[in-house]
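The structure is given below, and queries will be raised subsequently.
In this document, chain identifiers A, B, C, D, E, F, G and H correspond to the written order of the chains, with residue numbering beginning at 1 in each.
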Amino acid sequence: MTLKVYLSGEIHTDWREQIIDGSGDLDVAFDGPVTDHGASDDCGVAILGAEPNKYWHDHKGAMVNAIRTRKGLADADVVVVRFGDKYKQWNAAFDAGYAAALGKSLIVLNPPEHQHALKEVHAAALAVAEEPGQVVDVLRYVLTGRLPG
Amino acid sequence: MTLKVYLSGEIHTDWREQIIDGSGDLDVAFDGPVTDHGASDDCGVAILGAEPNKYWHDHKGAMVNAIRTRKGLADADVVVVRFGDKYKQWNAAFDAGYAAALGKSLIVLNPPEHQHALKEVHAAALAVAEEPGQVVDVLRYVLTGRLPG
Amino acid sequence: MTLKVYLSGEIHTDWREQIIDGSGDLDVAFDGPVTDHGASDDCGVAILGAEPNKYWHDHKGAMVNAIRTRKGLADADVVVVRFGDKYKQWNAAFDAGYAAALGKSLIVLNPPEHQHALKEVHAAALAVAEEPGQVVDVLRYVLTGRLPG
Amino acid sequence: MTLKVYLSGEIHTDWREQIIDGSGDLDVAFDGPVTDHGASDDCGVAILGAEPNKYWHDHKGAMVNAIRTRKGLADADVVVVRFGDKYKQWNAAFDAGYAAALGKSLIVLNPPEHQHALKEVHAAALAVAEEPGQVVDVLRYVLTGRLPG
Amino acid sequence: MTLKVYLSGEIHTDWREQIIDGSGDLDVAFDGPVTDHGASDDCGVAILGAEPNKYWHDHKGAMVNAIRTRKGLADADVVVVRFGDKYKQWNAAFDAGYAAALGKSLIVLNPPEHQHALKEVHAAALAVAEEPGQVVDVLRYVLTGRLPG
Amino acid sequence: MTLKVYLSGEIHTDWREQIIDGSGDLDVAFDGPVTDHGASDDCGVAILGAEPNKYWHDHKGAMVNAIRTRKGLADADVVVVRFGDKYKQWNAAFDAGYAAALGKSLIVLNPPEHQHALKEVHAAALAVAEEPGQVVDVLRYVLTGRLPG
Amino acid sequence: MTLKVYLSGEIHTDWREQIIDGSGDLDVAFDGPVTDHGASDDCGVAILGAEPNKYWHDHKGAMVNAIRTRKGLADADVVVVRFGDKYKQWNAAFDAGYAAALGKSLIVLNPPEHQHALKEVHAAALAVAEEPGQVVDVLRYVLTGRLPG
Amino acid sequence: MTLKVYLSGEIHTDWREQIIDGSGDLDVAFDGPVTDHGASDDCGVAILGAEPNKYWHDHKGAMVNAIRTRKGLADADVVVVRFGDKYKQWNAAFDAGYAAALGKSLIVLNPPEHQHALKEVHAAALAVAEEPGQVVDVLRYVLTGRLPG
């Protein structure tokens, strides 16, 4: 059983690498969004033509990114959504809702201070973790039945 | 043609009333979440038993609220998601993602300063408005073909 | 908003009547299986011809009952599954699994001593109650936003 | 044609090994739940944090197990559900209902004394067997057209 | 609960009338194909232009009839398929397969001499009857829980 | 049986009125796009704010119109797509493809000179007509079994 | 592009071999039912226990065969259904209806004398052939764009 | 991540080759219709028998081509639809609508003079390009996160 795992959300820390590295012994295929912030913001206008209006500049980019995001979410067995300390992170919550409506198994990763604000997202999740290592432990258990320690 | 419209998101201003009042001449059936903040937070423990742990207190409530929210989103033709000035509002973005994955027509209502942070949500929307009156105008046009003014 | 509620499971106590009576002021349409135990067991052979073999006697009846059960589950917004004190009640758990796979909002009603044995069923539920009155309170809150007391 | 077969239910006898061993010559990919009873009960708290309340202890574990179970059921062509002699086994019946609603081919394996209590589950099955060897014979016939003996 | 019942198959005897008349006290909405044999054969060319080639004459008609048939099957809760004594009746078996793939509850009505030839169709049915009155009895039981006699 | 019919395509002649008037005795609920060409082109900017760039002017309008079109197509039993003498009419062909993918019964209405260019669209249709009166005759036959003349 | 082709219907002539042999140069994966008539009739009782009643003898076998048939139809891109000269062949028409409802591309293969009786089945087909070689030619064209001769 | 890309529309220039050649370093699996115009027009009659009537000549061919087209669209992650300078190109717009209804990521490729006529098609697209090289750049960014230049 190969588990397809999509890593959504925060792109400013190395949580994806921690999960991928920690899962090196597991049969997992990881996917996720483009994590180069600048490229992600500008991909639309860089390829399809400049827009003087910031709304359309952003819109073109968000739509090109959606090609990758929607395939990643549609193909995944498990969607991990990480909420960090900064920014609005509405794209992360949007991905969580999208994944939930598709019936994907949702794992939410967030610092404890966000607990109350995330309660509707948590209500759709099968696991809520605070550390990337816990996500690795969940994936290992799901694939092999082995618990940590 | 009756249009079923779900009004999701911010619960601290009267935007729902503005839209419902403005649509009084239209064949629209509105639905939305429970907007009593206290009841919404406590419904789980008030009915199903107290929880000393805040996480489970919130969880029980969020799950009971999901009974209403999921039916509302599933039944809707159009989902309007309002982002306000305050709070994390991840439940609003979650609903937007959920609605998008179900193929619902999405209308996003937000102040202009949130434009960049909402670009992924906007990319899934068929209309982006700043004022409740614009949502009314969209609904009127969709149902009757009449434009404002 | 009319809420369609299917009442599945145990047929030897008056829990259905308690929920239906308690919801008299609410816009709920209730449905459920045939609760006449004898008719339910014998409907297949009574209509479609006797079977000397007990397996096929039961099978014919279970298939006729499935016509009603599947429609009820498919049409429902909310499925309430009651586990009682006696019998195997695998049909109740089967209905719960069926409803979960269809994405229905699941409410489980059971005495506390069954908690551990029902943990997989509870994991798919949005509310777990011990008394029929709690189910009524959930339905009232979902439809009206009012809490008990 | 590779047949994907999920082996659900009872975890205290070696019926899974009997089926897997007996199918050694067949193009079948088997999957199933974690069968280490202790790990299965404790996986939630062992990874995601202790819970003093038994309900939430169980709940956390059941939700982590659901990540594996739902993928297994969703990917399967055939779901075999085994009912044994002991315990409530509501999780087995839940899986059967879940599989039926997904349109999976269902094979039920149970001792004859459970026949009447399982009639609703049997009504959704394409084969009902008493011995693991019969399941192997069904899989062999389905894949190769060869009958036993 | 209104039960939507589609009556498919043989059009040369009055079995539809027997079922509809016998169900006069029940909350059933019946639908079915056009039963005027001549109109059914010629509807395509009569409306959309003559075809000298018999294949296309028949094809045009079959496609126009499919507008009605597909809606009827898609809307139905229960599909009754009647096999009579004469003709190939491949359209009846086609409707049965179509209904089965849509997950409809299937009732097959046929004389006993067709039993062996219909075994694959029966394997998808929830009830197999020989007389129209038995279909009425099934519908009455499903809707009211009452058995005949 | 009420038949829901969506009338898509050309908006410069009175073909919709001919069909609606001709069907006055039938149980049909008609729907269709906004047919005021100017309003349809400008609805986006008139409600949601001006765009100096023609592409985004058009885009905003097309997305608002999509709210109506998608609901109409999704709710329809039958989609009639009319191709006229002028313009590119790619929106008509787009609607035909959209309807076909949703499994709707498709009726195409076009002058004979477009036959070759429409062959892929015709291949997805259940009826191809040249005159609005033929569409009325199809609807009457589908609903009542009566043929013209 | 590998094309998955299910070969349904008549099992008394070598039409399957003709198609498989003729497609030796093509990227096609063929599947189909068990074609050993005796094994197909008796598989249920041979594996799961004898039945004195002919109806249940047949039923048990038809249900075991359905495990193979449903997977084959569900996995296929193209379903070829062959109608021969003899027998009722309702299982062939059932498979055609089942495939049509799943949206599979349907190819029907039948002698010309069955044309009128198969008109509803033909109306759901994308190709109607009289000889196995024509089916091979269709598959070759679909995969390579090459026409015969 | 392998991206499956279907290249629909105009068959008279080498835009497909430009995209395929430009994507030589990417993990993309391309598919598309038969682009031999003559074979595409005549495949039906060449294989399944001549038709004196031009409508049925075209119809037979369009239906055979649909076997390939529907599989290609159904399997694709991304559908690129090219509109050229000539012809009606209703098949291209039909494919775009079909792909949109299936929820595929749509990229439209057209010369700027078609902008207004394509506004409804553009409203369903995630990217609109004028040159094949831009499509390559989108695919490269989606797969690797790298921008051109």
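Definition applied: contacts are C-beta pairs under 8 Å (C-beta built on N, C-alpha and C of every residue); 3 or more make two chains touch, one makes a residue touch a chain.
The chain lineup, named per UniProt: A, B, C, D, E, F, G, H = YtoQ family protein.
Everything numeric here is computed off the predicted structure, so don't read it as measured data.
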{"item": "More contacts between chains, A-B or D-G", "value": "A-B"}
{"item": "Fraction-based call for chain C (YtoQ family protein) against chain B (YtoQ family protein), same above half, different below", "value": "different"}
{"item": "Whole-Å gap between the CA centroids of chain C (YtoQ family protein) and chain E (YtoQ family protein)", "value": "31"}
{"item": "CA centroid of chain E (YtoQ family protein) to CA centroid of chain G (YtoQ family protein), Å", "value": "23"}
{"item": "Geometric centre distance via CA averages, chain H (YtoQ family protein)-chain C (YtoQ family protein), whole Å", "value": "49"}
{"item": "Residue list for chain F (YtoQ family protein), restricted to those that touch at least two other chains", "value": "63, 66, 103"}
{"item": "Of chain C (YtoQ family protein), residues touching chain E (YtoQ family protein) in the complex", "value": "31, 34-36, 39-40, 42-44, 46-48, 60, 63-64, 66-68, 70-72, 75"}
{"item": "List of chain D (YtoQ family protein) residues in touch with chain C (YtoQ family protein) within their complex", "value": "54-55, 58-59, 61-63, 65-66, 69, 83, 87-102, 114-124"}
{"item": "Chain B (YtoQ family protein) partner contacts - residues on chain C (YtoQ family protein) that touch it in the complex", "value": "1, 3, 77-78, 103, 105, 107, 126-129, 134, 137-138, 141-143, 145-149"}
